[in-house]
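After this come two complexes, each holding chain A, first together with chain B and then together with chain C.
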Partner chain A sequence: MITVTLRGRGGQGIKTGAHVIGTAAFLSGFYVQDQPLYGAERRGAPISAYVRISRQVILDRGQIDNPSLVVIGEESLMGMASDNPPHEISESTVILVNSPLSKSDLASRYNIKNSLIVFDLVKLSSGIIEKPHLGIAVAAAACKLLGLNFDFVKESIIKELVNIQVNRDEIARNVDLASKVFDTISPVTITTPREAYRESGILEPKYHEPAISTCAITATGNSMLRDRAQWSNYKPVIDYDKCTKCMVCYVYCPDSAYTIDSEGYPIVDYDACKGCNICKTECPVKIITLVERNKR
Partner chain B sequence: MDSKYKTLKDMPLEEELVPGTLLCAGCGGALLVRIFEKMLGPNAITINAAGCMTMLSVFPYTPFKSSWFYTAMASAPAAAQGVRDALDMLIEKKKVDKKDDLKVLVLTGDGAASGIGLQATSAAIHRGLDFYYLVYDNEAYSNTGFQASESSPFGSATKTTVPTDIIEGSTLQKKDLFEIWRAHRPPYVATISPAYMTDVMHKIEKSSQITGPKLFIAHSPCPPGWGIDSDKVIRVAKLAVETGIWPLKEAVNGEVRHTLIQGKRLPVEEYLKTQERFEHLFKPVRKEKIIAQLQQSVDYYWKSVTK
Partner chain C sequence: MKELLTGNAAVATGVRLCNVDYIPAYPITPQTEIIELLSRWINERKMIARFVTYDSEHSMITGAGAASLTGARTFTATSSQGLLYAFEMLYNLSGWRAPIVLANVSRALAAPITMEPDHNDVLAARDSGFIQIHAETCQEVLDSVIMAYRIAEDNRVRLPVIVNLDGFYLSYTREPVMVPQEDEVAKFLPQYRPTFGYLNASNPISMGVSVLDSSAYSYFKYQIHLASLNALRVHEEVSSEFEKMFGRRHGLTDEYMLNDADYVIVMTNSFTTMGKAAVAKLREEGKKVGILRIRMIRPFPKQEIAKKLEGKKAVAVIDQNISVGSGGILYPEIVSALYHIKERPGAIISFVGGLGGKRISLSEFRHIASTLEGAMSGEAPKVQSVLLFTEDNWSSVKEMLKIAGKGDVNG
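Showing the complex of A and B:
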C-alpha cells in the first residue's frame, strides 16, 4: 500500500487534489481511499487530506502516519512541526513541494534530509492559466511520482472539476497545466509502508472513563498554543504618527489580534493576525498598510 | 436609556476569546461572538450547537476563557435549560455562590435557529428561560459547505441552489425569524449588524437588565460562502443596512422599535452586487425581474414601518 498526505490551505483545492489522485489510481485498477480531514477546513486554514492506494482491499482507517509521500501546497506550510492532527513523517517519506525556491535552498532552510521534489506552480502556469487550481496541479505532480498513467489522471481531473461545477474553459486550462506539471516531474523511488491492520488484527477499543474518553478541554483560552502556520504572507502595519486612536481597527478584528496600549494606541499581535485586512479597509484615516512578512 | 457605551471607544478591553481559532479569516460571525463574549464578561457559559462556531474549540484547544458546551444541532436551547436549572439548584443548595452565577448564552447558526432548532427555541421562550441567544446569520449551512438554509435569501446561490438557465438561485423566501420569535412575546428580541457596533453594545446592555429570553439575530457576512473578500465584511454589512435589507430593530415584550431609520435607502443592488452569491443576477444579463422583486419586498417592508 502507498499512502499520501496532502497539506494546503482551505480554498486551495487540496481536498479535490486528494480526490484526483484517488480517482486516477482507482481508474488504474487499484483499491483506493481518499478523504479530507473533516472538521476545520476553513478558507486559509491549514488543512490535510489523505490517500491510500493498494492492490488489496484496504482495511486501514483513520489518519496516516509516516506516509510514503507528502504533498505540500505552499512553502508557508513547511515550517510546521505538526498540523492538525499531529503529522509525522519518516526518513523514507518523499516530500513534494510547490515553491519558487530551489531544492537546495528549501532543504537547508527547513533542514530536510528526505528525498525532496520541488516544482514552481507560478512559473509553470504562466501563459496557461491565471488562477491555477493548486489542488489539481499538486495532484498531477503526485500522480507522476506514483507512476500513474496521464490518461487516467486527465480523466480524473475532468471528473472532479465537473463535480465542483468548474466551467469547460477552466477545466481545459487546468488539464493543460496538469500535463505540463506531470511532464516536469522526474520519478523517484517511493517506499510502501506496512499496513497496520494486517500486522495487528482488529483492535478492540477499551472502555475508558468519560474524563479520558471524551474531548473535554479543562484549560482556558489556550488556542495560541496551537502550532499554527501563518495564515497570510502579509501583515497590517500602522503608521502611528497619524493614528487618531479611534479604535476602529481594534473593534473590528474578528481574531482578537489587537490590544490597546497604555497610551491608547492599537498594537497588532502578528502571531494572532490572519490577514483578513478588515482593519486596513476600516481604518477611517487609511494609515494601515500591508507589508510582506519575513518568510519563516 | 442612558448608555455606558456612547462610542466604539467605550468597548470593554478585556478579551474573553483569545486568538488562534481555525475559523476563516474575516468571519463576520466570529467577530460578533467576540464582541458578545466581551459584553457578557467572564461569568458566562456558551452553549453552542453544531455549526461553524463549534470550530472555535477543537480538542485540545479553546479560545474561550469562560465555559463552553457543544450540543447537537437541534438542542442548544434545551441544553441551556438544563444548565440554567443546574445553576439555580446549586445556588439554592448554597453549593454555588450567587456571585459566581453564570449567564447562559446559546450560540447557533441560522440553520439551527430557523430550521432544526426552532422547536427547542420555541419551547425555551415559552418557558421564559433566562438566557441569551445569539444567532449568527450567515444565511446558509456554512460549516458543511454552504448549502441553503431556511434563512438563505431569495435569489441567492448556494451549493444546493445553483443558478441555472432556468432557476435564479434560491426560489424560496428567507424565513422571518425575528417575527417568528417575536410572536412568542419574549421580553427582548433584536437584530444587530457588525457594521453598527455601538447599536450592538446598546442592545446587549439593555437586554442585560431583563430576566428571561434575550434573543439576537446578527447579520454575519461569510467571505467564502457569500463570495466576498475578507476585508469587505464590514462594508457589505453596512450596505445591507443602508439598502434596508437588514433592518436594525428591537422588540421589548413584542413592541417593535427600529433603532435606525434612514432618510434615504440605497437601491438593493448596491448590496447584491458586492457578492458572488448574487452574481448571476447581473451576469451575463441582468435579471431585472428578480432584482425588482427583491427591491419591492424591501420597499414593502419599510412602507409598513414608517407609516
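Showing the complex of A and C:
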C-alpha cells in the first residue's frame, strides 16, 4: 500500500487535491481510500488530507502515521510544531513541497535528509492562470511521483472540479497548469514505508481532582503559542488620512483584532487578524483595503 | 457502476435510489454533506422530492414522522447533539409506527466537544423503538439505506430505522462503492403504499392518542417490542433477496477469520476495519483470533451472537461508547446472550475504546489478545471495563494539560 499525506491551509483546495489523487489512482484500477481532516475548519488554518492506494482491499482507516509521500502546499507548513495532528515521517518518506526556494536551501533550513522534490507554483502558473488552484497543482505533482498516467490525472481533475462547480474555462486552465507541473517533476521511487507501528503499553488513567480533570483551560494567553498570523492570506490596511475614527471596524471585528490608540485611531493586531474581510466591508467610508500577506 | 463515494454521499445516493418523497433537514457536522447533496440533486432535478429546512432537529423529526404518516417515503439525517435534541420525538415516531429512515452520523457527545465519532449518540436511542443498523464501509452504508426501507415498511415491522455511520472514518472518507441500477432498486423496493394508519383528508384518523388505561399502554408498547423482534426475521429475508439481486450479503452480524478462532473480538461500525487488519497481523504471529461484528444493534440478535460465539475459548467486547458509572453498553447485552448456552466462552472481557474517535492501535489489539490468553491461563480478568488508552496517548494528554495551565500531572 502506498500512502500520501497532504498538508495545506483551509481554502487552498487540499481536500480537492486529495480527491484528484484518489480519483486518478481509482481510474488507474487501484483500491483507494481518501479523507480530509479538517482541524480548525477555518480558512487559513492547517488542514491535512490522506490518500491510501493499494492493489488489495484496504484494511485501515483514518490518520496516516508514516506516509510514503508527504505533499506540502506551502513552506510555512514545514516543521510547524503546533500542527494538528503532527505527522510522523520515516527516512523513506518522500517530501514534495511547493516553494520558490531551492532544494538545497530548503533541505538545510529544515534539516531534511529525506528525498525532497521542490516545485514553484507561482513560477509555473505564470502565463497560464492568475489564481492557480494549489490543490490541483500539488495533486498533479504527486500523481507524477506516484507513476500515474496523465490521461487519468486529467480525467480526474475535470471530474473533481466539475463536482465542486468550477467553470469550464478555469478547469481548462488548471488542466494546462497540471500538465506543466506533471512534466516538470522527475519521478523518484516511492516505497511502502516500513510499518509505523510502535509498541505503547496500556495505561489506565488515575482519577484526578476536578481542578485537573475538568475540561477547562486555566492558562491565559496561550493562543499566542499558535502562529495564527499564518492562518490568513490577506490583511486589512487602513488609510489613516481618511479614517473618521468611527470605530465601526473595531466593533465588527469577530476576532477582536482591533484596539484603539490614544488618538482614537483603530490599530490592527495582525497576529490576531484572520483576514475575514468584515472590517473592510463594514467601514462606512470604504478606506480599508486587503493586501496579500507576505508569506514564505 | 463503481464510484468513489464518501459515506455521506453513499447515504445520499441510497436515498436518491429509494425514490424518497420528503426530506426534512437541519444541518450538523459531520452529517451536513448528506442534506447538501440531496438539496443539490433536487435543485438539479436529478431527484424529485420535497426538501424542507426546519428550525431544529426536534421539529425536523416531528415533521418526518408526520410526513411519513401521510404515506410519504421519508428520509432525514442528523448526528450527535442533534439526535439528542430530537430525543423525545424518537419514541413518538416508533409509537406512531412511522417507517422513516434516519441516517445518524456518529459523533461523540459534548462536553468536551469534538467532531470525531463514538457511539454514545446512537446508543442513547437504543430503547427508542428505532431499528438500528450500524455500517462498517461506505458500500454497506448505501446498501443499508435501501434495505432499511424494506424493513421499515414491512407490515410485520412498520418501525423507523436508524442507519448509523461513523463521522470522518466513513462520513468524509471516499471508498469504491458499487452503485446499484435505479430500475433494479425500484424492483427490490416497490413504491410505498401503506395499507393502514396514514393521514388522508377523506378518511380522518387520530394518531398519537393518549391511553389513560395502563393495560392499553402495556399492550401498545409491547406491540412495538414484538414488531422490533420481527425485524430479525424480516432482515434475513430482505438480506437474502438483496444478495440475489445485487450480489452482496449483509447479515445481522459479519465475521472475519471467525470460524477456527479460539479468541474473538466483538466490535461494531467502521473501526472493525482496523480490527481486521490487527487480527490478520495477530494470525501471522500464530494467535488464533477472529472478529465478530454486530451489524444490527436493535433488535439485538442474541441468538445469532450466541451461535457464533458458542465454543470459543474467550471473547473480548470492544464498546466504542461508555455508560458512565457502568462501562461498555453492549457488553452486558452480549454476556446475557451467552449466559445460557452450553459451551459458554471461558471468559468474556469488556473493553472501552475509540472514544471521541481515538484510533485503536495494534498495541491495543495485542493487549486485548494477551488479556484473553491470560484469562484462559487463570489470570483473573478485571470486573470493570478496561479502557483502551496507551502511554503514548497519556503523554500527549499530559502535554495538553500543561498548556491548559494544569502544571505537571502524574499519570
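The rule we apply is simple: the second predicted complex is superposed on the first by the 190 of 296 C-alpha atoms of A that agree within 3 Å, B and C clash if a C-alpha of one lies under 4 Å from a C-alpha of the other, contacts with A are read in each partner's own complex, and residues count from 1 in each chain.
Here is the rule we use: contacts are C-beta pairs under 8 Å (C-beta built on N, C-alpha and C of every residue); 3 or more make two chains touch, one makes a residue touch a chain.
Source: prediction; values computed, not measured.
Once the two complexes are overlaid on the shared chain, A:37 sits against chain C while remaining clear of chain B.
Contact with chain C, but none with chain B, is seen for A:61 once the two complexes are overlaid on the shared chain.
Touch criterion met: A:256 reaches chain B, while chain C stays clear of it. Of the two partner chains, neither chain B nor chain C is touched by A:74. Once chain A of one complex is fitted onto chain A of the other, the partner contacts of A:215 extend to both chain B and chain C. In the superposed pair of complexes, A:225 makes contact with chain B and with chain C alike.
When the two complexes are overlaid on their common chain A, residue A:10 makes contact with chain B while staying clear of chain C. Overlaid on A, the two complexes show chain B and chain C touching the same residues of chain A, namely 215, 217, 219-220, 222, 225.
Of all residues in chain B, only 8-9, 11, 13, 15, 17-28, 30-31, 34-35, 55, 57-66, 162, 194, 197, 223-224, 229-235 touch chain A in the complex they form.
Residues of chain C touching chain A in their complex: 4, 29, 111-112, 115, 168-169, 172-176, 270-271, 273-274, 276-277, 280, 357, 359, 361-364, 366-367, 386-394, 401, 403-406, 409, 411.
On the chain A side of its complex with chain C, the touching residues are 19, 22-23, 26, 31-38, 41, 58-63, 197-206, 208, 211-212, 215-220, 222, 225.
Contact residues of chain A toward chain B in the complex are 10-11, 39-40, 42-45, 84, 165, 215, 217, 219-226, 228, 231-232, 246-248, 250-257, 259-260, 269, 271-272, 274-278, 280-282.
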